[in-house]
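In what follows, chain A forms one complex with chain B and a second complex with chain C.
Then we have the complex of A and B:
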């Protein structure tokens, strides 16, 4: 017994110190358990039940919800639309943000003004902004179609036609994300040492494109990875604009994953099934994060 | 082939004039050090030569070619930066290859994957690899070719920067304080290596430094800069022994040269605190008498000084004194075995060889000195 005490390398904390330690970590620990872990576990549990909001009891039904998911045409459309939406919004707002950041960085005047203008959509309320978009895209009184009419083009019914509704929502998504990406890229650009550009010029990189390939793009690697990940998770989470502008219509042409989940849970009160959709969503987000940490991170950190 | 010639270069940033009409000629194969305190414009001058900064006035010729308006890539110069400016995402081999790839491959051939399929890419890549290996071998980087800069020590990074500069055989080397980030022992060693590289390449080199020991040991000629002007350009021994400007005299040499306020009367006879010091100068009015610490000697009679303290440096002693009348601090360098020629306190007298006395007029310009009598060699 006494030998064990002697060989121990870290001293045992006194009971009082241990208690103080637990008490100090308690607020964070309780918040984590209540706000993050418990709801997640509850959602996972619910996904295996037939619970409906207000129902007196629930039954364990195993994988039945997931079996139904596989057959559900609505969910399949929502998944397809979400992927399409991300496939448009992520590249467009990442490349657009990079291009705008390079332009602002290259300019000499009005940097702060441009930055503020493009960042505005990020700080504004998405629901209020959606109302503004509804007006802008209105088929008869909207300024966009008015402008198109002026040059002799009959503009489509942007938000009510199943051909254009997803494109329109994606355009709004790009508008919402580009300013955020722009600010991140601007921060990344200022971190690149000026001397590297001087060295590149002396080494013969005379054209702007050569210097971009030799210095800017590789040194922005960590920023780009972060921007890509954050934009993709933000795009997968698209909900506000759909809920306000189209409610998934027309004919499910703008149905997305989170809106389908919301409808199942809060319109039809099928919380068990809604939880199953949430798990699919969670899996997609986790896969994106995993992609970042495992596959790409080792290729862009140089030190 | 010509080296570098600069005529009347001027450059300002906002309201500050950084370069005030600088002219400089560097012969092909010559090593010129730009020496000056920080903020004197030496780095700006180098960046103007490289083309990273555009001068407001004046012209630059490199290799006999007017390059004033050209971009850096059109000037055929190589530069070593203080921060080394290596590309962190490229290996040592790829870093050294960049200047060659930019010149021997066109934009399409440099594309990843696709470029390799184009005609001529393979032959060009092979010639690049060969030259890179040779340059890396010359600097002892052969074993580090596949490392990234982040995995190298400061000295190794410095060598990669040097290799990247020499690999292309440019018309001029430009070096911006390349040794200032190295520790002291490595600095002395690398100093000699840079000189050897310069000798082997035989191209005009401009080397910016604020460290006079670097400038004096490495350069064929030293250009001392201050406040945007070149005060004097001369071989190191000449700069040390024969400064033409008081600012050069006080900047070069450690410890600092001793300076004493003096006065030349209407006959040109020089007096320090009323005491004639045995010489006549070409001019009248207030003068400055400057004397190197090793040129002062204890004597029976001469400049009166009061002992203040002794510093032991190993190979020599520094004796700190004060001029008895003026109160000006004086430093005298003495061999340790001559310690006994001076008392440890009290008043002593100092003399100096007339030929070593440097006298500057009120504007800081050097004036000629003549002995009062032909046989007088010491005060």
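Then we have the complex of A and C:
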């Protein structure tokens, strides 16, 4: 009798609750194990083998894949192009998104309509829009070069010249990301208390630029850092536009990491080598997350 | 700010309109080309309107050459299936992690946080080998199964459920409801904002995804809209931009129309939910 009372008065870890907890997490845990944890660990393991699809056996070859990576001109170019792509897309779409957010926030007319227009690329099928861009940028029949011809400029062969292909893909990347960043900045801007602007004006910040410099920019700091890192992690995953428009060409001028991984793995079926490229990709993503948490932690003390 | 006269607001509106038109250029030209015959497209005139209205032929060619409805249906099945299983797995797990005390819950939450760091491209190679060995390449199973576990959904629902009052759950227990019933009958109906936000995020992500379908699907029977456009582009269209643009319009339209009808929800869903995307 007293025992029964005792167990009831220490309800912290009842057997029933524990059982319910396990039952309710079990489906997710099993799916997590099968679809995420096991295959991720298998990718890491594969990177140290010479496994090819259809091959009778696989051998552990230690770091040989990574040694080959260092010698591989294609992978070096893919890495360089990915970094370049991120280095163009991230700043352009972050600053563009901020500028658009400030423009929209500066008045009340047309807010929802403009926001919707700039956000449209985020929800549009990337493959279909890539096809639209292919037409838009077509060297002879494309409207862009037709417009350039009309003012006497011979437009380049945007997507098939190795000089312009990466910048063209990056422009598409900016177009895809700018609306997303705009929405994040709008959320950050509405969180800034209105009184601060009035106070700054009283203190002599009469020009819009001064109010931006003294109030908006510092208070938007955490949002900006967040937008920068999220854009970088989105940009580093560039795949669709490359797969549809250039397949990494011409002459690897638009080869990027994920497309190199896809080609090695699913065109040449060199799964071990492809896994090694995947790990390079994962390392970059993890480095960006690490950077994000580091910068966020440091900023909180100042802002 | 609101009392600003429209005259003073005009430069801002003009600039935004100009930039908006710039962003809309691909859509404008995509639709324009889908209405033109090929010879007009090849003349590369800067006129948006067709001289000869050719939409029936362009769109007709798409419907005649490719199984448009099949692609759209596959998109619906795949997105619906993925969302169904994501909710089926993530809602109970999110509830358990938010409201129940059980040994291993800390470990499970750690696994969720770790899972958030891994892009879905990373497990793709072994998953491909696994599905290929099971003979499941080219199937709804292979398209849906890898996405059924969303650690992000578990994380999102856990955060949301934490803010639900404990009294609500205690009251349900007093009424004799089991934990499973509490999840689906009490907790989920109270979590509609989080559930719709996640649903929009998930559907947009998987309708638009190319990477995984490209790996796992071969041929038209299980092709999603993204693959459909890709196939049409390489097989049928060639230089026929008129019908290619018609195909692009058809496959983009469903999500874009849904977005235009429910802008606020879409933007909230993708921007609040997409933060971790």
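Heads up, the rule we're going with is that the second predicted complex is superposed on the first by the 279 of 303 C-alpha atoms of A that agree within 3 Å, B and C clash if a C-alpha of one lies under 4 Å from a C-alpha of the other, contacts with A are read in each partner's own complex, and residues count from 1 in each chain.
Keep this in mind: a residue touches a chain if its C-beta (ideal position, glycine included) is under 8 Å from a C-beta of that chain, and two chains touch if they have at least 3 such contacts.
Because the structure is predicted, anything quoted here is derived from the model rather than measured.
With the two structures aligned on chain A, chain B fits next to chain C without clashing. A count of residues in chain A touched by chain B and by chain C gives the higher number to C. Touch criterion met: A:262 reaches chain C, while chain B stays clear of it.
In the superposed model, A:221 makes contact with chain B only, not with chain C. In the superposition on chain A, contact of A:210 is made with chain B only, not with chain C.
Contacts of A:62 after superposition on the shared chain: neither chain B nor chain C is touched. Contacts of A:201 after superposition: chain B is touched, whereas chain C is not reached. For the combined arrangement built by superposing the two complexes, chain A sits at the apex of an angle of 90 degrees to chain B and chain C, based on C-alpha centres and given in steps of 10.
Within the superposed three-chain model, A:281 lies in touch with chain C and out of touch with chain B [touch as defined at top]. Minimum Cα-Cα distance between chain B and chain C in the superposed model: 8 Å. Comparing the two complexes, no residue of chain A contacts chain B in one case and chain C in the other.
For chain A in complex with chain B, the touching residues are 193, 195-196, 198-207, 209-210, 213-215, 218-219, 221, 300, 302-303. Interface residues of chain A facing chain C in the complex, by the touch rule stated above, are 12-13, 17-25, 27-29, 31-32, 35-40, 42-43, 46, 53, 100, 103-104, 106-110, 112, 114-129, 131-133, 135-136, 138, 140-143, 145-147, 150, 175, 178-180, 183-184, 187, 226, 230, 234, 237, 239-240, 243-244, 258, 261-262, 265-266, 271, 274-275, 278, 281-282, 285-286, 289. Here chain B touches chain A in the complex through residues 47, 50-52, 71-74, 77-79, 81-83, 85-90, 98-99, 102-103, 107, 110, 148-150, 164, going by the rule given at the top.
Residue ranges of chain C in contact with chain A, taken from their complex: 1-2, 4, 6, 9, 12-13, 15-16, 19-20, 23-27, 29-30, 33, 41-46, 85, 88-90, 92-93, 95-97, 100-105, 108, 111, 115, 117-119, 121-130, 132, 145-149, 151, 154, 178-180, 183, 204, 207-208, 210-211, 214-215, 225-227, 229-230, 233, 241, 244-245, 247-249, 251-252, 255-256, 259-260, 263-264, 266-267, 270-271, 274-275, 277.
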